[in-house]
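Here come two complexes built around chain A, the first alongside chain B, the second alongside chain C.
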Partner chain A sequence: MSAAADGDENVRTEMRAFIEDNFLYLDPEADLADDQDLLAAGIVDSLGFVEIVEEVEARYSVGVQDVEITEENFGSVDAIARYVERKRAGS
Partner chain B sequence: MSAPGGPLHGFDAAATIDRLASETVEAVRGLGRRGAVVATSGGIDSSAAAGICVRALGADKVQLLRLPERDVGDSSSDLALELAESLGADSVEEPITAALEGLGCYAQRDEAIRAVFPDYEPSWKHKLVRSAPSASITVFSLVVERPDGSREQRRMPADAYLTLLAATNMKQRVRKLREYTWADRLSYAVIGTPNLLEYDQGFFVKGGDGLADIKPIAGLYKGQVYAVARELGLPDTIVSRAPTTETFSLPQTQEEFYFGHSYERMDALMWGHLHDVDPADLVAEVGLSVEEIEAAYAEIERRRTATAYLHAPAVLFAREA
Partner chain C sequence: MCGIAGIVRADEGEAVEERALLRMARAIRHRGPDGFGLLLDPGAGLVSTRLSIVDLEHGWQPLVAAGDDSVLVYNGEVYNHPELREWLRSRGVVFRTRSDTEVVHALLEYEGPAGLDRLNGQFALAWWQPRRRRLTLVRDRFGVRPLSFSFREDGTIVFGSETKALFASNEVRPEVDLAGLDQVFTLWAPQAPRTVFAGVDQLEPGGLLVWERGEVIERRRWWRAGPDQEDPVEDLEALMRDSVGLRLRADVPVGAYLSGGLDSSVISALAQVEKAGELRTFSVAFDDPTYDERAEQELVARALGTSHHVVEADAAAIAAAFPDVIRHAETPLVRTAPVPLYLLAREVHDHDLKVVVTGEGADELFWGYDLFKEVAIRSRHRDDPERAMELLGELYPHLGGSAARRGPGWARFLLAAGAGGDSLASHMTRVDATASVRAFYRDDIAAGLSVDAALEPIRDGLPEGFSELDELERAAWLEVTTLLEPYLLAAQGDRVAMAHGVEGRYPFLDHRVYARSVALPESEKLTDTSDKVALRRLAGKLLPKSISTRRKQPYRAPEVVPFFAPGAPGWVEEALAPAALEEVGIWDPRRVEGLLRRCRSGRANGVREGMALIGILSTQVWHEMFFGGEGEQPAETAVPAVRIDRTVDQSMSEVS
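Then we have the complex of A and B:
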């Protein structure tokens, strides 16, 4: 496994835990898939996405522009991991 | 118009007023009350509701209230006084600024704003605005206007957003406290003034403007409320006034704070959604693409889900055997 993939997996693990702790704590049996659509599934609402953005900014030291707060970048655990990876790569 | 109808298609304002007045009489009687208390902001919704109550119950059985506070200024209270004079109903002004100060409303609001603009001073004007309509994530930003007139907009962190909303929601809740105080004193019912868009989409404060005994215009689209107000002969200064939220110190429309569309367009979108109108048949009416209308329909659904809690009554557990 490459270093980039390791980092990617760490982000997945950390953000999955963040989402489970903050949005699914009353539903501990829920099995959150990494490709689960967080908005469509009703797990995270718009304000919740702002909380996720703040967590990403604080945890990974990346600046998130308003126009980047989209489902493409934050709509699932996978999307968040890909987004963080792109930001770290400077793109 | 390409859509097969619309909120104002065939709308008979006079007949609607007769129906709403009759139902208001039945509702007040059914609740065992003797009249109605209406808090009037000078806006179209509370004015139309007040006009319906006066038509239903008579001016001497309607107590109007004007409940201004610091951020909104005196102009809305002046309009509401003009309304009262035109309706011939008694109107009492009870400013709520001192109560809000005592409750910490302004201090908590300022704390929330300083989380976004650390150099904010209470003399600066401000408002909350949302991102452009989409079927996806909505982001709220704070706009401040400095004394030199320059404006700046920054995204609201979640904590600051919730703190700001909790603080400003006190305004609606203190107003409701005043309304029920008068209702107790007079044995009147409290009239709520949400229109169909606000009620359906949860644009109200639970325990604040969402709390009432009767909501006579909750089935009327905003355009229908205007038609009813004109039919009632309400003052032109009120009927021709652009709607605002009456919450923040900078003028703020419901479009930029909540709906993302003008009320005319939101009426048409809501009507289309409620009547299962194909988005393609609504394009010419609302001036949006099929994709944008689909997004608006999705947002209507999403807001309903997100605000279900505001409509929910208290959860009652089963009685012990």
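Then we have the complex of A and C:
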């Protein structure tokens, strides 16, 4: 397994835990699927969305540009993992 | 001024105990610390606690009509009482005192409730006509003064300025009204006639209720906010000068609240002219610069030359006063904003002032709130969502970052709210944000409630012609009737001021000023570049430019920090402990635990989480206060200043 894939899975695990701890406490029994649409499912609101962006910036030391704050990049756990991977790869 | 309460039975043979009246007077003594009076009739009893403002020597209540046996207890002020006195005198009415109470009583005797239209003021009253066994309850146009009541199974009616007087009578037992609570967590406050107590109603603003021998024979609004007003067609400046002048009428000194914003500055400026330079102003300052407006307050005070006083509402003071604010508000809250105003009223009281003029109402009348700008942007730029988003981004700079930085959820939330032609569209962003508190309900509580049900009374009560109004006019009506009247004038107005025997007076809520504002064209209120246009023009003549052109800073107070900062009081964690939550049975402890985790870690910075914390915490405090005591009742109070007992020989005795 490549280093990038390992990192990807770590991001997935960490961000899933972050979202569960901070946004899913209202529904402790719910399972968060990695491809679940966080905004559409009402798991995070607009402020929560910003909080996720800030968490990604702080935790993974990546600079997020305004234009990158989209559902494509932050709309699900999978999307975040892919985004972080791309940023680390320097794209 | 004052508090009123009473018990009237359907049948005169059923006595009312004097001890019950004494307990009721004690429960609302804070509203009238200068003394109290009571009247006993066969099967009826009335009390009044007095804050002496007009005719300090003779203005005692209950007031018995000359030449008749009808009785008035009255809480409030009618500012145009000298003119009404002359009008009545010219029609042969003879007066014994200088008090406005006697004028109101005489007017009711002369014209009945039809005379209410002549009153310019803020009041709640109970008019007792024993020969008919008729009790008439009335509340002023905007419901500045509170009045609640309850019907008992035997036909008795129990009423009081505050609900705690009803409970003190021992005739009414407190019971939770879940639908009323759910309105707090949807609209910030229960909507009249509902309260958060089952079996207890509040009279609607502008409401009239006539009860006779155990039956309600009439219940209606004698006035209502809405498009159908009689426009005084008078210059706004002249109206405002007159309104402020009327509200400075008192036999005691009158001060002013000064927030540093446009509205209270205009009122202070007009009052300072009337008071010939002797005005005292009072402001709240915050240690957290996010909320603080100290610099602007001082600028205005200096410019106007007022004697200025500042009270600092730091986190510790907010947490310490919170339970007492709930005691006075008698309802859970979703904001801490009433607490600094409670501290401010205490400061006013400590400076021996009983009356203040304030700027409430201007943002509703002249469309100053961001909510109106949101509505305008959505409706004017419906076809250009990108431009709409850009303008919405500029509208909320205090949220930090550009609109793009706030992500796609933000856009969707604000833009979606205006869609669909819903009558309540303008207010759905607030409803959605507030209703997120409901996610913390226990499942069994949530099962019986819905946002739609909480909003239903508003939809059912829209005034005639509402659908023909444009979106901004609709928004203005909704703002007055769903927030100003039930919340701003209540928990954040009368209750926290009267907690310290301080009477707030609201020049913008003179019905003539309201009528003028309704008649003004949109361009005099909100344009693409300015808000409160007509008011800013007036302010330009009275105030420094930096104030007359200043952008509104929403009045808010810190919500999470006071209860989770180091040194926060121990009762907070106790009230929110799982066992305490289980005992009250409204909030789900597991869900609350997640919120508390975020509060403790400093992550709970959002509006929704702030409202959730305050909603949950205040419910716990409120529940303990009204349901936790083992039938704890206020002690019967001391000797009344006036005691009228007509149960024995119809004679009257005045103790003092």
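Quick note on the criterion: the second predicted complex is superposed on the first by the 91 of 91 C-alpha atoms of A that agree within 3 Å, B and C clash if a C-alpha of one lies under 4 Å from a C-alpha of the other, contacts with A are read in each partner's own complex, and residues count from 1 in each chain.
Methods note: a residue touches a chain if its C-beta (ideal position, glycine included) is under 8 Å from a C-beta of that chain, and two chains touch if they have at least 3 such contacts.
Note that the structure is a prediction, hence the values are computed from the model and not measured.
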Q: Tell me which partner A:Ser46 touches in the superposition: chain B (first), chain C (second), both or neither.
A: both
Q: Using the touch definition from the top, say if A:Ala30 reaches chain B (first), chain C (second), both or neither.
A: neither
(Q) Applying the document's definition of touch, where does A:Ile69 land relative to chain B and chain C: first, second, both, or neither? (A) both
**Q.** chain A residues touched by each partner, larger count belonging to chain B or chain C
**A.** C
Q) Which of the two partners, first being chain B and second being chain C, lies in contact with A:Asp21: first, second, both, or neither? A) second
(Q) Looking at A:Glu54, would you say it contacts chain B, chain C, both, or neither? Reply first, second, both or neither. (A) first
Q) Where on chain A do chain B and chain C both make contact? A) 39, 45-51, 66, 69-71, 74
Q | Sites on chain A touched by chain B in the complex | A | 39, 42, 45-51, 54, 66, 69-71, 74-75
(Q) Help me check something: in the complex, which residues belonging to chain A touch chain C? (A) 21-22, 24-26, 28, 39, 44-51, 53, 66-67, 69-71, 74
Q: Name, in rising order, each residue of chain B that touches chain A in their complex.
A: 131, 136-141, 155-158, 161-162, 305-306
Q) Which part of chain C faces chain A closely enough to touch in the complex? A) 401-402, 404-410, 412-413, 436, 439-440, 590-591, 593-595, 597-598, 603, 605-608
